[in-house]
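Two complexes, one shared chain (subunit A), two partners (subunit B, subunit C).
Moving on to the complex of A and B:
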């Protein structure tokens, strides 16, 4: 008897976990295809005639949002490349050369993660305006990459630590330079680590709100920022359009996270336990 | 090889933070030369009732969110470890909220808790529970912010704890079984002590990250009604970008930095001591 009870409890727990994690996501994905009158139907209507009305309305009335998606794509790609390349280089150095100066600068990397991003916006805001790089892709790319190179370096170091040192020593004897060792040996063998780093940067850069909110106004406005403006503007009126936009913003990165979950888990554990 | 990383961090993070400290000792605004005023800004911030309210709100949210996450994360991790059907799909489901942006999450939860017609509101009403009046009642507003943050960040806490749980060797449980330990005793004597370091790390990271909470609050309540749901980051933003009071904003910023450091130091030391105690 207790065994059946235990099984039942476990089934309920699994069901609850699934519901908690997925219900909000599924709800807006489905609702984005619902005609207006069904969005708030109670009890929720499972059978409805799917419609693309909201997506059409989004396309015709919120062209800004699609520009935002393009900006997000550019910024995310740029930030990922920059962060992965610089983290791999630094991770290599930290993994292979250990002395006091190096370990104190590694400690500095951990220390820097403690600083809240909003504090940085204060002094950067006027400087960025003076340099006239506010509202540009390059600024957002550098900002996003910078906030992940510390974690990225720690992750890369963990992965590069697993590559036997004898390999670089052998290459060194054959006359290879540090750059050649990095390019020919370390990078190919630490591909897993680079993927793990890019998962974090992609998710972060694609979804980030605070920096976009403060540093972009028109040209480099990202999708989350446009979505927040739509949220403020159409509140309580047109949920359908909002759901369509949320779905488009969410779906690519959701699929990506599901596909890359193994790397996400590996990166999180490497970054958190070692950092 | 480390030059690019250190340059990026140096120019985009370290220099600005040091500059913020200088700013916090001055009075300045847009287009104004900063005037040195010593610790006036700190005095002003610390005597501002709005600051104390933001601090209190932040503390409440951090304590509630982080500890709820730890408990839930532990529960889900143990559920996964006990063997469940379709594990890869379940794992993907639990990780899904990690992919969701703050704004999309706000759209979802705001819709579910819509005062008139949201599904969650209807469920609450169905069970005769009071409606979550998050737009009117500040306590309810903070509750919704907390629920939202837990939802967004549970994947992180879960992954750390789950990885740590998987790292516990099976023999320990077999040995405990042979010695006749009940499931509860196995949890108390094997699982919990071995998960403790991972739990402390998850907690430390989440304390620090929850402490800088901005977007959820800003997008959901905007700090309102009447600034009653402001958290420290929202307070700082308002000082700087609405009232153009860069001095007091900078002082708030440094208080945030110091608080984060203190949180981290305390836990790192605790972690160190505990590791030392188990080694001795």
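Moving on to the complex of A and C:
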């Protein structure tokens, strides 16, 4: 009897957690296909005639949103490549070279992760203005990549630590330079780590709001900003269109995270156990 | 191929000196084995020749050219690691071709070199496999293939057989020796296994605590060990060591158990000495030194007896079958012409 009770409680807990996390996503997804009158119907209507009207309206009236998606795509891709490459190189250096300066800077890497983003953002604003890079893709790419290089470096170091140093030595004796060792030996063997880092950066850069709100206005405006504009539109919130836009914003990263889930777990637990 | 010259080489890790002024000349085509217990500095010395460790003092020269400050990749050496260090994401072919690829060799040249090395080592069928799909012995061969494909000046081996099982180790030992006889490549090989050293080397360098105890051919070391350490380190089972005292007539061993051994009359008189007798230089006899058998280990070809002469443990190796059992009283006669004597204070040969 206690065994059945335990199982029942466990099942209920899983169901509760799933419900808690999935309910908003399901609500957004379903509501984007509901006619306006059914979206907030009480009691909620589970049977309805699906419509693409909201997606059509989004396409015709909120062209800004699709421009935002393109900006998000450019910035996310750029930030991911920059962060992964930088983290891999830094991770290699931290893994292979031991020095007091390296140890202190490793501590600094952890330390800067603890500072709230807004603390970094405010002093950055005048600097960005002086450099005249406000509202550019490159600024957002560098910002997002920089924000994740510290964590990315720690993840990559943990992965590279697991690659025997003898492989570097064998390659060195074979005639490889440090750069060739990194490119031909270390990077292929730490691909899982790079995927894990890229998952973090993609999820962050795709969804990030604060930096985008402060540093972009038109040219580099990302999709989350347009979503917020839709929410605060003067003519009132078009919930159906907003849900359609949210679905489009949500889907790519959801699919990516599901596909890369295995690597994400590996990235979080790298070095936790031997083998 | 090339000669290697190690002159007065030292290595310090902070204040700790692990190599204390070592000099070893290695001739072109010679197979030299560095042997010693763990922590004696043999692997560090090998890594210094390879360029993987900085040299704190002295010089290392390859082919007459000092290489102290030459990076490993420019020394034209090949190294086989204890763990093989095969690139796990590359096939056997790519592992073997890697150094030539970095050297920007032509494709046809790489293919020819890899094919030839694979044929030499019996790897032709395995060229498209990944290291994880190979057995320990096959991986070991790939590691050797990766070394020979480059035709380097010097081959370095760092305990390459330690990870293999006993049977495979014997087989690979023979293969490495055969390969050396065919290629006549200058080779420096590190091991802690004295059987490997005895069977493979042209020259053995016995090391302890960062310095050299003795350098010589395997049989020189076996027949004329310079000190007690070498005497006990080389040879299996190890040499028996017994206390003795010299007199004008020779020596008396184990509290006067054996008197006046005339073969040892050259020793300084009236001094304590340490006597060394190899296990195979004892014979069973009807009369002689009484001993009690404790363990009998028949191996088929020979029998190893662990016995005790009074309180002193001795090992006896009999080539014939011996009809003896634990607890039996036996009589031993040593071959006095092959007995070694050492100074108990310094351990040096007398």
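Heads up, the rule we're going with is that the second predicted complex is superposed on the first by the 257 of 275 C-alpha atoms of A that agree within 3 Å, B and C clash if a C-alpha of one lies under 4 Å from a C-alpha of the other, contacts with A are read in each partner's own complex, and residues count from 1 in each chain.
Assume a residue touches a chain if its C-beta (ideal position, glycine included) is under 8 Å from a C-beta of that chain, and two chains touch if they have at least 3 such contacts.
This one's a predicted model, so the numbers in the text were calculated from it and none came from an experiment.
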Combined model on subunit A: subunit C and subunit B, fit or clash: fit
First (subunit B), second (subunit C), both or neither touched by A:20: first
When both partners are placed on the shared chain, which of subunit B and subunit C touches more of subunit A: B
Which superposed partner A:188 touches (first subunit B, second subunit C, both, neither): second
Partner chain(s) touched by A:174 [first = subunit B, second = subunit C, both, neither]: second
C-alpha centroid angle, subunit C to subunit B via subunit A, nearest 10°: 100
Contacts of A:166 with subunit B and subunit C, given as first, second, both or neither: second
Shortest span in Å between Cα atoms of subunit B and of subunit C, once chain A is used as the common reference: 19
Footprint of subunit A on subunit C - complex, ascending: 50-52, 71-73, 75, 77-79, 81, 83, 85-89, 98-99, 102-103, 146, 150
Complex contact set, residues of subunit A against subunit B: 10, 13-14, 17-18, 20-22, 24-25, 27-28, 31, 40, 42, 44, 85-87, 89-90, 92-94, 102, 105, 108-109, 112-126, 142-143, 145-147, 149-150, 153, 178, 182, 203, 206-210, 213-214, 224, 227-228, 231, 239, 242-243, 246, 249-250, 253-254, 256-258, 261, 264-265, 268-269, 272-273
For the subunit B and subunit A complex, residues of the former touching the latter: 1-2, 4-6, 8-9, 12-17, 19-20, 23, 30, 75-76, 79, 82, 84-85, 88, 90-109, 111-112, 114, 117, 119, 122, 151, 154, 156, 159-160, 162-163, 198, 201-202, 205, 208, 211-212, 214-215, 218-219, 233, 236-237, 240-241, 246, 249-250, 253-254, 256-257, 260-261, 264
Touching residues on subunit A, where the partner in the complex is subunit C: 164, 166-167, 169-177, 180, 184-185, 188-189
